[in-house]
Each structure stands twice: as C-alpha cells, then as structure tokens.
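First subunit A sits with subunit B, and in the next complex the same chain sits with subunit C.
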Partner chain A sequence: MSSASPVADVATAPTEGRRSLWSKALYKFTRDRLGMGALAVVLLYGVIAAGAAAGLWGQDWAALSDATWAAASADHWFGTNRIGQDIFARALYSTRTAFEVGFVVAIASTIVGALLGAAAGFFSGSWIDEIVLWLMGVLDSIPFYLFVAAIAYAMKGSPFGMHVAMVATFWTITGRLVRGEVIKLKGQEFVEAARAIGVPRLVIIGRHILPNTFHILLVQATIVFVAAIKSEVILSFLGLGVKDSVSWGLMIAEAANEVQNGHFNNFIWASVFLFGLVMAFNLFSDALQDALDPRQVA
Partner chain B sequence: MELLQYALRKLLAGIPLVLGVTFISFLLMVYFGPDQTYELLGKNPTPEQIEQVRKELGYDKPFAARYGDYLREIVTLDFGYSNKTGQRVSDVLARTVPISLALVAPGFVLGNMLGIALALLAAYHRGGWVDKLIMGGAVFGMSISFLIVVIACQIIFCSSYGLDLFPVRGWRMDTLGDYARYVTVPTIATVFVALGYNTRFYRAVIVEEMTRDHVRTAMAYGTPPARLLYRNILKNSLIPIITRIMFSIPLVVISGSLIIESYFGIPGVGKVTFDAITSGDQPVLKAVVGLTAVLFVLTLLVTDILYRAVDPRVTLK
Partner chain C sequence: MSGEPLLSVDNLSIEFSTERGVVRAVDNVSFDVRAGETLGIVGESGCGKTVTGLSLLRLIPSPPGRIVSGSIRLRGKDLVALPERDMRAIRGRDISMIFQEPMTALNPVFTVGNQMAEVLRRHKGLSRRQALAGAIDMLHRVGLPDPARRVKEYPHQLSGGMRQRVMIGMALSCGPQILVADEPTTALDVTTQAQVMEQIVALQKEFDMAVILITHDLGVVAESCQRALVMYCGRVVEDAPVKSLFATPHHPYTSGLLRSVARIRPDRVASLPVIPGMVPDLANLPDGCRFRERCDNAVARCAGETPVLDAAPVGEGVVACFNPDNAASGEPLS
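What follows is the complex of A and B.
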C-alpha cells in the first residue's frame, strides 16, 4: 500500500505497528473467501468496463438494426430493444458508465470529505469546525433527490451535473467520520510530539493525521461507489442522469414503459448486470471493513 | 420550565440551519432553475409584456429582497400562489402531503418494525445460520436498486404477466378498501428496500449492546430470552434506534417517495415538488424546502426530548 509510506519517516510514530495494520488487513482479507470472491467479480466488471472504454467491445451499443424486439440469438445474445439496438452491447458499455460515475463520485467525495472533515476535527471547537458542521447539517437537511435534481437541472448542459450533485451530498458522511477520528487522533502522543518539535500544523494534518484515517477513507470510498451507481439509476430514470451515452439506469428507464407490454429483455439484463456489480461491491466493502477495522464487532 | 427554556434555546440554535438550507436552495432556484417568463407568455410577446410577467413573478427584484420575502413567507407560513397552476401553495400542500403520508407510512412503520425484529433475531443467534441467513438476505436486499424492485413488484402484482391482483397506477383513498388496494404494492416495494439497510443498522446496534457486561450478568441469572431481548437489550439500544427513525421523518413527510409517486402516478408531494423543480415553480419549491428545514429543527428538538424520556441519565443542556 503506497499510501502508508508518507508516515514511514515520522520520528515518533510507531512505524512497525503502522505497517502491520495494513499487512494484517491484507492477510485477513486474503483469507476471507467471500470477500476475495466478491473482489474477483468486481475486477471482472472492471475488465469489462476497461475493455469498453478502450474500444474492445460494446462499441456498437448505439447501432440501429431492422430487427426490433428480437429474441436472444447468436447475433444478439440478449436480444434487441425497441429500435433494434443490441442489448448485450448496451449492457457491456453501461458497465463503463457505471465505473466512470462510481470512480469520479467516490474519489471526489472522499477527497472533499477527508479535507473538510480533517480541518473540522483538527480545529474542533473553532469557527472552522462550526462552519463545516453547519454546512454538513444544511446539506443533510435538503431532501436528497430534490437537491440532486436541482443541481442536475442547474448544470443541464454539462454531462457532470449528476456527479457534482452526488459529490455535494455524499461527502458529508465521510466528513463526519473523518472529523470524529481526527479529534481522537489529535490528542495522541505522536501528534503532541510532532507539535512539540515544531512541525507546522498543515504538515501535521497532512502527514501525521490524515494517513491514519486512510482505512476509514478506503471503506467509505467503496460505500460511496455503490451509492453513486445506485443513484445514477434513479437519476437516469428521472431524466436527470446520463446523457448521450447508455447506462443501466437508462435501460431500466426504457424498460419501465416496455414491461407492461411483455418486453422483458432490457429490464432483466440491465437489472442482472447492475445487481451483480452492486452485490459484489457490497460484499467486497464488508470484507474490507472487517479486515481494516479490528474494533468493529461482527 | 426547564424543558421550555431548553426548547427555546434549541429552536434558536436551529435558525442557522434553516437559513443555510433556504439560502442554498433559493440560490439554486433563482440563478440555475428554469425561467418561467416565456412559459407564461404567448407567442411574440412585446417587451412590455415580458416586463409585466417578470414583475408578476418577482424576477425584477434584487436577490436580497427576494430572499427577504422568502424568509418572511416562512415566518408567516404564507407562500402565496403557484406560478404554474395558480393554486394557493398551502392548498397544494394540504392536498398532497396527506396522500404522501398515507402512501409511505405503512411501509415506513413495517420496514422499521420488521427490521428491528429481524435484527434481534440475528443478533441473538449471532454467528449461527439464522444470523448468516438474515444478514445475507440484508446484503441481497441492499444490492437491488429501488427502481428494479418497484418495476418487479408491478410486474408480479399488477400485470397480466404476474398475479394481476392490484391496480397498475393511480391512487384513491376514499374507502379503506380502495386505500388497501392502492397502497399494498408500494408498501411491499418500500419494505423490501428499507429492510436490508434497517436490519443491518439495527443488528449492529443490538450486537454492541449484547456484548456489555450487564447483559452477560442477566444471562448468567437465567433471564428468559424474550425478557432479555426486550428489557435488557432493546430498551438500552433505543437511543440510536430513535435517532435513525426520527431523522428519516422530515424527509419522508415532505419529499414523500418521489420514485414510487412518479412510477405509480400518485399525486403526492414528492411528485409535485419534482415537477416544481423542472418547471421552475418557485413558490411551491420555496414552501417545500422551507418546511423541510423547519421540520428538521423541530425533529432535532423532539429527538432530544425523546432521549430524555427513554434514558433518565440524559440531561437536557
């Protein structure tokens, strides 16, 4: 884990114990068969997404054909939709969309949550803390879908409206967790020692405190990843999500009007793909949490 | 008296929250939301007509003045008339909020009660196959998108491809029979989705309480399981349970369930609000956002008082 290296040269931090948290976690995780299986499934999806992004497969997701509502066949593994598009290609290409949304939202909201949470925690009780806490309270009190809809509408021209909206609401959970952890950490001896030898405050936060919250950030990022993929589906259904591309959400939204007439292929395959990824990611996230958080009761 | 003082202090402390929520939302509505001017005008309007409509909508005033008006509306609870339909906003809310409440209440109550029951069962058999079965089911439930559940429920219960027992769309609650017919399928979907998250959360809370010394002592004294679960464990884990339930209430009351309402064509407050966002009906939006924020502050207060009621050690400070 390269993220552990910044702490390695801290004068007073117990480097041995630090390194062993991650190696112990790795050991524990590799022995968790369910977690490893889930990781394998997630990686498989990752390969599908990367292949779609690299142009290896799923490229003809938009291609029309005369065969509308075709049943599954050798040409169209999952059949075709209302305008003759191949559902298999669309499902594959949607994997790429899901990973794109998941990664962007998970990484951005983790960074925002880590920085603001750390600032609030380190300066707890000061005006910085007050402002961050107020902002979290405000963002949490706005009904989620309404807020997302408002931001997505505000940025209608941009394909990233949905992403911005999700980051703006999802970072608060990470922020609260990091704030709590930082408040706990800043009273510990290694921080006191760093302060005593005159290390600047920003360096203390960046090099001594934040790296000690990485286990929370990692788990939280996987949770946000799943939340983002699931929200994308709802937003696409409401017409606020993915544009000029295809996603499982769009496929299910299309299917919503088709299932009453007996056309199930779109619905079934988008649901199966979506469920597989979300379930695997949830199990992976649980295993990660078990491995990284020894205090957690299971 | 002490309680009253506490309540007043708490309400005052809630003002920054209301200001923040309304300010951010109003900013979004005014600068980024849809402009209604041309919706209300006919073809080829003259500049005077445009001016007239903008004035009626209040678009010509500076932002600060409009925000001031908004705050006054929250204090007096009078939000004027909808831009789009011309109805009184208070009438719109009085019509739609009860529908949304009637729609989500059964699912909300059942989802939490079943969640607690399953969590108690899982925690009691912690590590055993009952626990694994329930928690596996919870992860399964958490992994299915709400939208898929709603569509699947509709196929299974409402369409000729399934059981075809209930109406596909719409809403009526004149008689109890009507209400039961329309509310059943949305309730099944809501419970299914909420159950996974609820069970997991409640199980974690209950397991934490179960590992305490007083529970071990009670067990050693041979307390029967039902009594142990209810008196020693459930009662002591009420604080996080109350927190979770209470904080979902403001969102449930005001925003209802947008997905269920739009999918089943139910005229609830979630649908009305969503339409207001996409059409730029600011009076309705202002009312919904403002009331949610106020409700949040009230919830914070009631939650604190409830803490006191379930745990005498908690002091209101």
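What follows is the complex of A and C.
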C-alpha cells in the first residue's frame, strides 16, 4: 500500500520494451513543471500515507480527550472535534485510507479492464466480445450509488464492499479503451507475423498485444485512483463507505452537524486535504497523459 | 521440373462472408511448388494472391474467411485438415512468411533480438542465450551490419530495409522449406528493393528452399522467378515458366499486363497502353470467363463456359483461355 509513487513502477515496468517511448515520455514529463509540481504534492501525500500505515504518525486518531471542539493550538494543530479527537491526526490517518482505496481499486479495475477488454477486442465480433460488451453495458447502466448501496448491503460486515462496487463499475471504462486499442493493434502486421511463426493466440494477446496498451493502462489507472478517492469520500459521507476507521468523508459527515454550531475545523481540513490530493493527482494524470500520448511522443 | 512437388495446392477455394454476401476470393486454384524453386504469383490488387499466400499457413482471418474446398499438401500432408496445434508447429518451421510492411511487422515494444529469439525458442527449444546467439548469427547471414548491436535495438531505430532484413532473418531462422514472401519489397525504396531481392535469392540457394513470391511487380518476377502464376479475379489464368511467359504470353490478360508495364522504349508512345474496362465485382461475377468483357479475343464460348487451365494447348505453360494469344499451331478453335 505504501509504495508511494506510481511513477517508480513505470520506469521498471514489465514492458521494459519501448524504452524509447518510456524514456521520451519521462523526458517530456520532467520538463512539464506543472506535472512535476503535482507529482511532488502526490509524493508528499504518499509519504503521509506511508507514515500513517507504518505507524509513524496519526495513530491516535481515535483517542479521546477532554478538550472538545478545541481551537487550533500547539497540542491540537487543527483543533479537536465534538468528542475531543485530534483533527490533525484524523486528517493524516485519512490519507492512508484514501491511498488504500485508491491503490486497491486502481490496480484491480485496471487488471480486470485490461484482461476483459483485451479478450473482447481480440475476439471482437465473437460471443466473447458479445458477453463482455453486454456486461459493460449492464454495469454502466446501473446508477453508481445505488449499485454501491446494493453491494454494501449484500456484503454487510465486509470492509471491502465499497472496493468491490468501485472495481465492478470502474473497470468498464478501462475495458472499453483497451478493447478499442486491441482491435486496432490486432490488425497490424506484427500480430500476423507472430501468428506466422506459430505463436498461440493467448500468448499473442499477453505477450504481443497487451504490452502495447500499457500507456493507456497507466493513465487510466491514475484516473481511476482519483475517482476511487472521490467516491470513497462521498460513500463514507453517505455511510456506505469506510467503517471502523477514519476518512475525509467521515470527517465531512461529522462536520455536517458541526458547521451549524460554528465549528469549521473538521470540515475545512478534510476538504483541504481532499482537494489538494485530487487536484494534484488530476494534474499529474494530465501531464502523464500528455507525456505518453503516442502521437506526440513518436 | 522433375520429382514430387514439395507443396501441392489442389482446387483451393476460399470464401469470405461480407455484408454483401459470400465472396469467393480464391476460386479453384491449383499449383505445385518444387523444392528450391521460385514461384511468382502476380496479379493486381484484389485478385486473391495474398489470400492464396496466407492460406498456405492457414492464416486467413476466420471469420470471415474460410477454406471451402481443396487441399494444400506439404510433402503429402494435407494442411487444410490439420488441427490448429499441429499447424502452429509448421508455421515458422516448415513454411515461413514475410510481409509487405516492415514498418508494422515488428512489435514496437520489443527488441529485435527478443522477437527473433522467440521463433528459435518456440520451434527449437533453445535457451534464451542460445536463441539470442542464433538471432545474431541469422542477422549476420541476412546482411544486417553490426548484428550484435542491432539485436538490442527497437524496431523504430532501424531503417525500412534493415527491418525487412530482420523479418527475413526471423522467417528463415528455423530453416523453412518454403518461404512465402508477400510483396516483400513494395514498401522499400528502389535501391533497397534490389538489395533485399538479391539477399532473398542468395539465401534461397544457401538454404535450398522454395520461395513463393507474391507481387504485382512484373520486373521482380522476371528477375527472380523461374515460374509464375498469373491470377485474375481469384482464378489462375496462366501458369508458365517465366521466360516463355514474358516472351510469348498466352492469356490476353497476361499480354495486357506486360504491355502496360512502364519501361524505356525505343519508340515514344503517346500514352501507356491500358487494359480497357474494370475488374468485375467479386461479389457479382459474370458467368464464363471473368476477363471476357475486357478481352479482345473473346469468342462466343467464353460467355457460357468457364475456361480451365489447359483449355487450349500452348507452349510450355498452361492457360485458362479458349482463344489464347500466340496459340500453339494446330487445334483450330471453334
């Protein structure tokens, strides 16, 4: 969970191939100041999340104290909430929650989307494609929060109900993009050439076609990462998300009662943390997309 | 021209289902290839020559394509009936193919060595290191300069000619008996074309393999092939040794093709001769001879009956025509 930087994975990505594309993209990315700044912010959040996961800080997020609704002070940097919990610790620990949800959902939905999308694209027009497209259509047509609520009830008690619901809905976008790219790639001669030397189809999909879609998968994973964090906040606010832990969404849910009484600390800090991460991650994602756009790189 | 043919294609028909109905892209095509021979397949775009080439490795996209009848025998073994698994073992080992477009025929995300090694590892079970050594050796033989460095490079770092050499090296690395070359030089510039063709011919002697050269370039056929098939609308219209094909073409279509080749002529011509008319729509073919509507030699019989190869006696080859050019003496036509 705590490997802070998705970019570090990219440099040594299993493709290793297309060194030129990756190295050109890296060059282009490093010259994008906004993107680099956004990456620095994302990395800072990553360090916060890693520290919280490793037990370095934010561990007393649940500890109660007598000082309720305290203002910001040296003891409680961001003040305390209604039952005297330290808002600074809660905000830090929530970063960990956000990254956990982001990573799990981004990785799982990218894998599912890549595999099903590639299968549908390679066998486009066949029954496999029909089934995958039908599945995507059905999942896309269910209103997201209704779907999550249904799954959360169905998986009552499991902390992963929210994750399952998000993966089940987010993979379809990745799947569609991969399907389209694979349909394009499978018509290229290197696929025919691979068949002409006797490579079995499944090996062609895995070894020859999928590595050519890594740039899409990477960008898509970062987009899903942000979407998952935002959805987690909303779901937690609605009481469908995080339980037995703390998240920015839960903090904002608490704040819903507090702001009427003039206590803004919970609301402000949870929003600032959320906004900072989402904004930075979006800018990073945009910069990555620009850097990896084959039309501009090649 | 003696001995058992290495590859024998017999009455091969291939159909594609399209939105406009079933299209027969290859219709009753038969030909033999002998060991060490170079056979040219010529014809214009859409005449079925590429589909014929792909069918030899059973690489026809299916669906929509389908071999509906006929056989392809490699040393007597019918490839049409072979299960996909056995066919995979033949691809790249017994029959190899090189493609027209060297720019896209190599996977952009893998090094040259990586891709070449795949063939050797798959068919010869070599280790990664042995396969890489084999790849370097093969690239050396196809005339790629500095192969030890090139194997570590990616396709985009090579020129078109180099890439085509890599493709040839990959195709030949398991020592196939037959190489199917589909327009191998079309995408290259003229000087590179000559070098690549020379290399293919030299390697053919070295490996003692048969080459099936699919092209629309009659010059390449004249230079490199011993025998050529001329295809028109999915059918073979003439099959003859190259020398006699060029000296005395028999099918009116072959004659027309030869006349319309741009070349330096002693006499100035006002315009290059062309074959009148249009290629008929494959989904809506006329009865009888498919060339009849464009043909000066057409006789009444052409409309009703389909001419088969050796419809009329001619010199050294066979021709699917009732009233051929340069007909052999005797046998008056009806």
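Operating definition for what follows: the second predicted complex is superposed on the first by the 277 of 298 C-alpha atoms of A that agree within 3 Å, B and C clash if a C-alpha of one lies under 4 Å from a C-alpha of the other, contacts with A are read in each partner's own complex, and residues count from 1 in each chain.
Please note the rule applied: a residue touches a chain if its C-beta (ideal position, glycine included) is under 8 Å from a C-beta of that chain, and two chains touch if they have at least 3 such contacts.
These numbers were taken from a predicted model, which means no experiment stands behind them.
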Superposed partners subunit B and subunit C on subunit A - clash or fit
fit
Winner on subunit A touched-residue count between subunit B and subunit C: chain B
Which partner does A:F267 reach: the first (subunit B), the second (subunit C), both, or neither?
first
Once chain A of both complexes is superposed, is A:I197 in touch with subunit B (first), subunit C (second), both, or neither?
second
Using the touch definition from the top, say if A:L133 reaches subunit B (first), subunit C (second), both or neither.
neither
Is A:L115 touching the first partner subunit B, the second partner subunit C, both, or neither of them?
neither
With both complexes superposed on chain A, which partner does A:L44 reach: first (subunit B), second (subunit C), both or neither?
neither
After lining up the shared chain so the two structures overlap, which partner does A:S141 touch, if you call subunit B first and subunit C second: first, second, both or neither?
first
Shortest CA-CA distance between subunit B and subunit C [superposed frame, angstrom]:
12
Which subunit A residues qualify as touching subunit B in the complex?
134-135, 137-139, 141-147, 149-151, 153-155, 230, 233-234, 237-238, 249, 252-253, 255-256, 259-260, 262, 267, 271, 274-275, 278-279, 282-283, 286, 297
Taking the complex as given, what residues does subunit B use to touch subunit A?
16-17, 20-21, 24-25, 28-29, 31-34, 139-140, 142-148, 151-152, 154-155, 159, 161, 168, 204, 207-208, 211, 250-251, 254-255, 258-259, 262-263, 270, 273-274, 277-278, 288-289, 292-293, 296
Touching residues (chain side subunit C, partner subunit A) in the complex:
57, 59, 63, 88-93, 96-97, 99-101, 104-111, 114, 118-119, 122-123, 154, 156-157, 167, 170-171
Contacting residues of subunit A [partner subunit C, same complex]:
15, 17-21, 125, 188-190, 192-200, 208, 211-212, 214, 298
